[in-house]
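Each chain gets a letter, A, B, C, D, E and F, in the order it is written, and its residues are counted from 1.
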Amino acid sequence: MKYKIVAESIPTIPWENKPANSSEIILRYSKNPIIQRNHLPTTNSIFNSAVVKFGDEYRGIFRCDDRRREMLLHSGRSKDAINWDISPKPIKFANKPADLPEFEFGYDPRVVKLDDKYYITWCNCCNGYTIGVGYTYDFETFYQLENAFLPYNRNGVLFPKKINSNFAMLSRPSDAGHTPFGDIFYSESPDMEFWGRHRFVMKPTKGWQSTKVGAGPIPLETSEGWLLLYHGVLTSCNGFIYHFGAALLDLEKPWKVIAKSAPYLMSPQTIYECVGDVPNVVFPCASLIDKDTGKMCIYYGAADTVTALAFAYVDDIIDFVKNNKANY
Amino acid sequence: MKYKIVAESIPTIPWENKPANSSEIILRYSKNPIIQRNHLPTTNSIFNSAVVKFGDEYRGIFRCDDRRREMLLHSGRSKDAINWDISPKPIKFANKPADLPEFEFGYDPRVVKLDDKYYITWCNCCNGYTIGVGYTYDFETFYQLENAFLPYNRNGVLFPKKINSNFAMLSRPSDAGHTPFGDIFYSESPDMEFWGRHRFVMKPTKGWQSTKVGAGPIPLETSEGWLLLYHGVLTSCNGFIYHFGAALLDLEKPWKVIAKSAPYLMSPQTIYECVGDVPNVVFPCASLIDKDTGKMCIYYGAADTVTALAFAYVDDIIDFVKNNKANY
Amino acid sequence: MKYKIVAESIPTIPWENKPANSSEIILRYSKNPIIQRNHLPTTNSIFNSAVVKFGDEYRGIFRCDDRRREMLLHSGRSKDAINWDISPKPIKFANKPADLPEFEFGYDPRVVKLDDKYYITWCNCCNGYTIGVGYTYDFETFYQLENAFLPYNRNGVLFPKKINSNFAMLSRPSDAGHTPFGDIFYSESPDMEFWGRHRFVMKPTKGWQSTKVGAGPIPLETSEGWLLLYHGVLTSCNGFIYHFGAALLDLEKPWKVIAKSAPYLMSPQTIYECVGDVPNVVFPCASLIDKDTGKMCIYYGAADTVTALAFAYVDDIIDFVKNNKANY
Amino acid sequence: MKYKIVAESIPTIPWENKPANSSEIILRYSKNPIIQRNHLPTTNSIFNSAVVKFGDEYRGIFRCDDRRREMLLHSGRSKDAINWDISPKPIKFANKPADLPEFEFGYDPRVVKLDDKYYITWCNCCNGYTIGVGYTYDFETFYQLENAFLPYNRNGVLFPKKINSNFAMLSRPSDAGHTPFGDIFYSESPDMEFWGRHRFVMKPTKGWQSTKVGAGPIPLETSEGWLLLYHGVLTSCNGFIYHFGAALLDLEKPWKVIAKSAPYLMSPQTIYECVGDVPNVVFPCASLIDKDTGKMCIYYGAADTVTALAFAYVDDIIDFVKNNKANY
Amino acid sequence: MKYKIVAESIPTIPWENKPANSSEIILRYSKNPIIQRNHLPTTNSIFNSAVVKFGDEYRGIFRCDDRRREMLLHSGRSKDAINWDISPKPIKFANKPADLPEFEFGYDPRVVKLDDKYYITWCNCCNGYTIGVGYTYDFETFYQLENAFLPYNRNGVLFPKKINSNFAMLSRPSDAGHTPFGDIFYSESPDMEFWGRHRFVMKPTKGWQSTKVGAGPIPLETSEGWLLLYHGVLTSCNGFIYHFGAALLDLEKPWKVIAKSAPYLMSPQTIYECVGDVPNVVFPCASLIDKDTGKMCIYYGAADTVTALAFAYVDDIIDFVKNNKANY
Amino acid sequence: MKYKIVAESIPTIPWENKPANSSEIILRYSKNPIIQRNHLPTTNSIFNSAVVKFGDEYRGIFRCDDRRREMLLHSGRSKDAINWDISPKPIKFANKPADLPEFEFGYDPRVVKLDDKYYITWCNCCNGYTIGVGYTYDFETFYQLENAFLPYNRNGVLFPKKINSNFAMLSRPSDAGHTPFGDIFYSESPDMEFWGRHRFVMKPTKGWQSTKVGAGPIPLETSEGWLLLYHGVLTSCNGFIYHFGAALLDLEKPWKVIAKSAPYLMSPQTIYECVGDVPNVVFPCASLIDKDTGKMCIYYGAADTVTALAFAYVDDIIDFVKNNKANY
């Protein structure tokens, strides 16, 4: 490996090798989608979901839109990170802070292990969309904390370790609807209850990232900086197109962008990415990394309908970012 | 059968049995779509159409958008309700009320037998979209009546018998464009010429029915109330998604909703429902019912492009509504 | 007088003579506005209101927006048609048809005497804006009838006599918001309960009447046709501008426009018409006519804030329409 | 006095008595506006500004839009709270937190004395509008703290004492433009650096407060709860209209609304409120209260152009809220 | 005088001296507006008009919106440049190029003397708004040339002499409606028939010039460059506000901006500028200059309703631009 | 052949015969798309491209959107007009006119041979979208000329010979975004530098051509007039749908439309036309014609993603236009 990764090593990560003649950095899993929209009898779609290593197995928090078309979080378990057993009941959070409204709807979860807890962040519909925060030890009992921010906010993504002795989170302030703008910001918290020291990270500029940008999976600590996969949206005459690319953020001051890729890493091209409830979406929310080989397994929602998988080497992505720096 | 149906019995209704392991209430016909977009050499698409039993055969009124992309009504005949012989010429209405403009364009027809006539309602482009009304005895000669309402209105659906001694119609007041709202209202007429006693029935609320709702096929009289299939629209960031669900309306005061389903019955999921002139549309306009078995055969437009068929038992739908009541 | 008027003669109509050198057809009352916005301690504004002769006195229905900024109807009485005693309490209608929601809000009333009743129409907020209908004998007790139409509709204006043996009404179908379009339609009813035979009358075309048009005061029967004052809206880069002009409609078939004026009769020009809750509005809702002299006294709302008065001769208006016919 | 006020007593508050026959609770100052738009040779307008008692004098933070039409904060001093000496130079904040962008533009300040500091909050243009926070001891040197929240936020208003041992702030999350929505939220901070425990307070509902609501002057502690003046916006067909009304919030849990007024307290009615850069705006940002008499002197921006003054008794306002409670 | 002006000297230019204590560069004429909206019995408004010296007298082309609210060009004559005799009939152009549609509507004219002709440019409604071009020798007979550009374009302003041996024009490409954007471009023509060599000049940036910018009067040749007055638009929550400022353009390559003013020179502040058909507009279309004294007399439309006059010294304006350069 | 074609004869044009029973005029190539989106390792999509005969081979200018999602022009060569060798580097133009900004982005090229040059027009992003013009002799060195017009303009298409001794171009004035309108205009130039004599050709009317229209391939001179294929857009509730049809233009005065087709010739119906970056687009930019047989080979972009091919006889298209004339 060319670059050093700071993360748990997950040697049993799912993997398919690229075809010999491929110049692509990202390889879609040949059996995509790994989770179909009707995986549960009550679901309309399962996508934009997060998974983590859990002992010898895997656990995940899944965005399951039910047939009312309401957005719920379900937990799931898997032995191979591909075949998932998703709980038929949505997650119920215990210990909700007083005077917060009952959990109603939530979506686009991320999960990260920090100390002994698995922290979950999600878009929490709580008098307006904002970042919900909770944690679990076992993916069976879930505890809710205060929302991180005021509405309107989406795509809250925690860093996997404290920065400047504080918890740190990326998020994307938005509006009350389908938000036609969106910058990534960085915030810190001493206690996961009060948040501040907000810093601007990056904004939409051109091409595939011209309408809005938002953090994807938990950032990965590398020798070159925090490696962040992020989605970017272009507005065609027939709607939004969601792609994703990558950036390197300063290790100490992650609001400083070392480099970001001018080209995308992936755009919606397959039938399951181009056709579904929201055509033309690839939306990554989680990755598994084998620190020894640099194999990265990316979980992404496709067309806001199904869950898919893609493979890449971290070295390749970092080189791609360095060699294709956007100067905007 | 669990519930009683008041309707003509149609024992030769098309039918396919559900796979043994299916938990779905609605089954798509395996040979969908039953009518292709280029069924006639002049058509761009055939969808959102209505059929009825007619003697030993079936007759229908079809929305045929021609290659100018104008919307016209054609009549059709079939022996099995699946293979249709559609007239190459649009319907010409006789007896147009004086000073109404010539029939120009019309779409989304419904048909119902009432006494000795087959009444047709459609969205009539007549100085603005409104509900056109006509009738036929034989599907060969068609007579036009006064428009039921002022513009702007769509989805006018007659009840199959008089209520409070009046003709009764559901409709969805709208605006002059692609209407981002829409409630269902109920109206009565002593004579099919003058309409009044307008009552609010239901409005969009949440999830799949959050943007607008509109009546689908002719309501079915049952022991539990009028069974109404209705479409509901959700606005994603890339446009409208049309689903359908069901409601039970009071038999005497059909503007009173006894129950409506929180989940949808069907959402666009197949390639012919998700891809076409308007991606992501299922839009039911007619059903055939065998009153003795409760078999219901639903005709629906898919992606505003083709006509498709689905099967369900009335008992199952009524139980579904009762067991999944929306409290909103 | 040049033209014949069919109407009650009201010799004590308010009047000011035009300055000798004026070429204007319409003269604003020198003491405008006649009703200030805070005329009642509870009102935010009083405008778009209707008045009629009542014995030796005058009665009126006033749009009084209260300080919640909700729209209510109040009755009022006057001896001289200029100084008004407006009831501090909103009108309560008796006899509301069953299953219609309670009267909530209403605005822009018109009043007409027909047989022994004074009929009132208004924009009735009843699960959407539509035309409310009621009547009174004495302006003390008010009775509510069925709404004339389904939502969304505004500016319902009755004719002062039956046409083709039916009650007849002009109205302007609209949408659920601040409607950026609007045609005038004509409808008939045998009984003030069921309405039909809807006919298109006129649509917005150019200039001051390019965005929407709507009927103003009760049409006046003359030897030249029904004389209709109507408002027309132009959309500037800073919003709507409301003017009014005049048209002559066929006496037998009032949906046939004999002539309409290309120039407006009045546009907002004074400070009380240009400044207020909605800048740049003149909006006529009533007129008093002395049939013997042709004096016409026009009551109009100014800037959606106050009530004003203007004077004109019917002969002058008819000549103006005839000599300035729009050919569009 | 009927109700008890917790505040500094300011006996030299400016005051005019109401006309004997007035039923109005709020009285406009007869010499309004007190600050003209061209008060400084470089200003386009001065409005939406805040003042406080300072020793025997008064100090203020003024929104001064310069002739580039950029929004700046200037400090000012006055002996009588009516005649103001405004510094010709905008405020420069010292001690800006590292990595925050330079102060660029800011507007709509509020000022409150808390312990020994005068805290200032404002809408800070800092990679998006959010709530800037600073303080001064002397209105000569100003220190900047971290922004309270992520963008997009406006109308941040501090409470004049700690609640639950924390600093407490109201704010109105918004979007990146002229925000057509807006709820009031409540947040706490242990240290004026990190904020959390966000709670929903109130949202727009009907009438004058149907589009958005936002906190006005610093809340006033009374025996009946926190008395909050807040602006509310109605959207007419020609734009926003800004009014203000009042609410009582729970003393311990200020996110609980005890009562709010259905009618407004003030709407734009005078020429300087209806005509200017933004027609039809009254926007209160500060009040001076004499705790012994309950006299309240309200400073408000008019038409986004000038600064005006109005008088009221706290007792009257509290009674008004109690007697005119909105049930929505 | 500090700077040299290249222009005809007009010693009898109207003039009022500034008050002694004024720091303003621009002085409004004390008897504004000089032309009222009803100056002609057929006009709704007269504004955005152009005037020139003509022998010992003055001539002008006036935008006269008639009472249909259609935009027409009238010629006018004056002895003192303040009191105008405007022809009651719109201008008819002779020699219209074949196959161009008849002159229908036109507005916002500019006039410049070039060689022996007075060239007129205006916004010509000709299958879309574009720049109409014509000329006259005597303001009695007018000749039409080819439109300079394809739609959509407005604010076409000729230079008063050839540049690079070509005719030269500034214009502002726009869209088919109330255009919420707008840059100034420069174009050349060898023959007033074919145009090309289009160059970008400047775009909207911030503050008063953040939405769109457009050239005003004919540029004035000075020793410091072409002095251009131009309007700039800011979008408030209640609509557009039109201001004007000044720029200096390179004499040889006028698409190169030497400097432009960060602050505006004038914003709408008087009642006749803030109230009218379009509130908050000052829009300059012409100036008269006395080259010996540098006195400049600016004609501008106010509130899209009336015509007004303002005075300034060219030296002052040039210094203002140089001392208040925008760095954006 | 029924009609005479004036063009170079290209006997080796690609061709597939229609199925015997087809009533379609246009036949899609069975191996469509001929160019896949990832044809080059750097491309996101290749579509809306133009080809010409070049000696015994073919050359083309291809719209290649790269993976930044920026639009670039690449040249390509082919022996059979189906299998293309596209240069991996974008075209660099030499000889750019002074003071024009550097070539940044460009798209939707057309190519035509005129005298000894191959002229290229494209949508040139140059301070706003406008028509870029260049030429080549060999498809290796490319020279840039002045932009033909001011922004905003798209779909500039040259005629293959001079008209009235001038170069002639069709174009579609537009706005700065995804333009919801668009007429075709005609312009002339004596020298490819200055353009004028602009004439309106046609506008959107109804059905498939109700939102905007734009010229497609280079017009074909025939005995019946210039045969123009043009795209037309209909706005469904889920976005734009791009079709194409045909028109005949007067040979001498090509702005005069002899006839245009009421029905479309092709609408998006296959999976590669309905699914991709912009669903539901067929967009023709070039055709090859064998003048002896009338075989026409149409190159069109599909779904803004890939390049496809279709076949038709010129005789059939001309008859189609004549027999299906739109009367609007």
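To be clear about the criterion, contacts are C-beta pairs under 8 Å (C-beta built on N, C-alpha and C of every residue); 3 or more make two chains touch, one makes a residue touch a chain.
What you see is a predicted model, and the numbers here were worked out from it, not measured in a lab.
Chains touching both subunit D and subunit E: C. By residue number, over half of the touching pairs seen at C-D are also found at D-E, the match among D-E, A-D or B-C.
Over half of the residue numbers found at the subunit B and subunit C interface occur in both copies, marking it as a same-residue contact.
Note on chain placement: the centre of subunit A and the centre of subunit B lie 42 Å apart, centres being C-alpha means. Spacing of subunit B relative to subunit D, judged by their CA centroids, is 55 angstrom. For subunit F, residues that reach two or more other chains under the stated contact definition are 238-239, 275, 279-280. Viewed as a network of touching protein chains, the structure does not reduce to a path, ring, star or complete graph. Inter-chain contacts, as defined above, occur between A-B, A-D, A-F, B-C, B-F, C-D, C-E, D-E, E-F. Residue ranges of subunit B in contact with subunit A, taken from their complex: 23, 206-208, 210, 234-239, 241, 243, 262-264, 267, 269, 271, 274-275, 279-280, 326. Within the complex formed with subunit D, the subunit C residues making contact are 37-38, 41-42, 44, 66-70, 178, 238-240, 275-280, 304.
Every residue of subunit E that touches subunit F in the complex is listed here, in rising order: 97, 99-101, 126-128, 130, 146-153, 171, 173, 175-176, 179, 181, 183, 185, 187-191, 193-200, 203, 253, 255.
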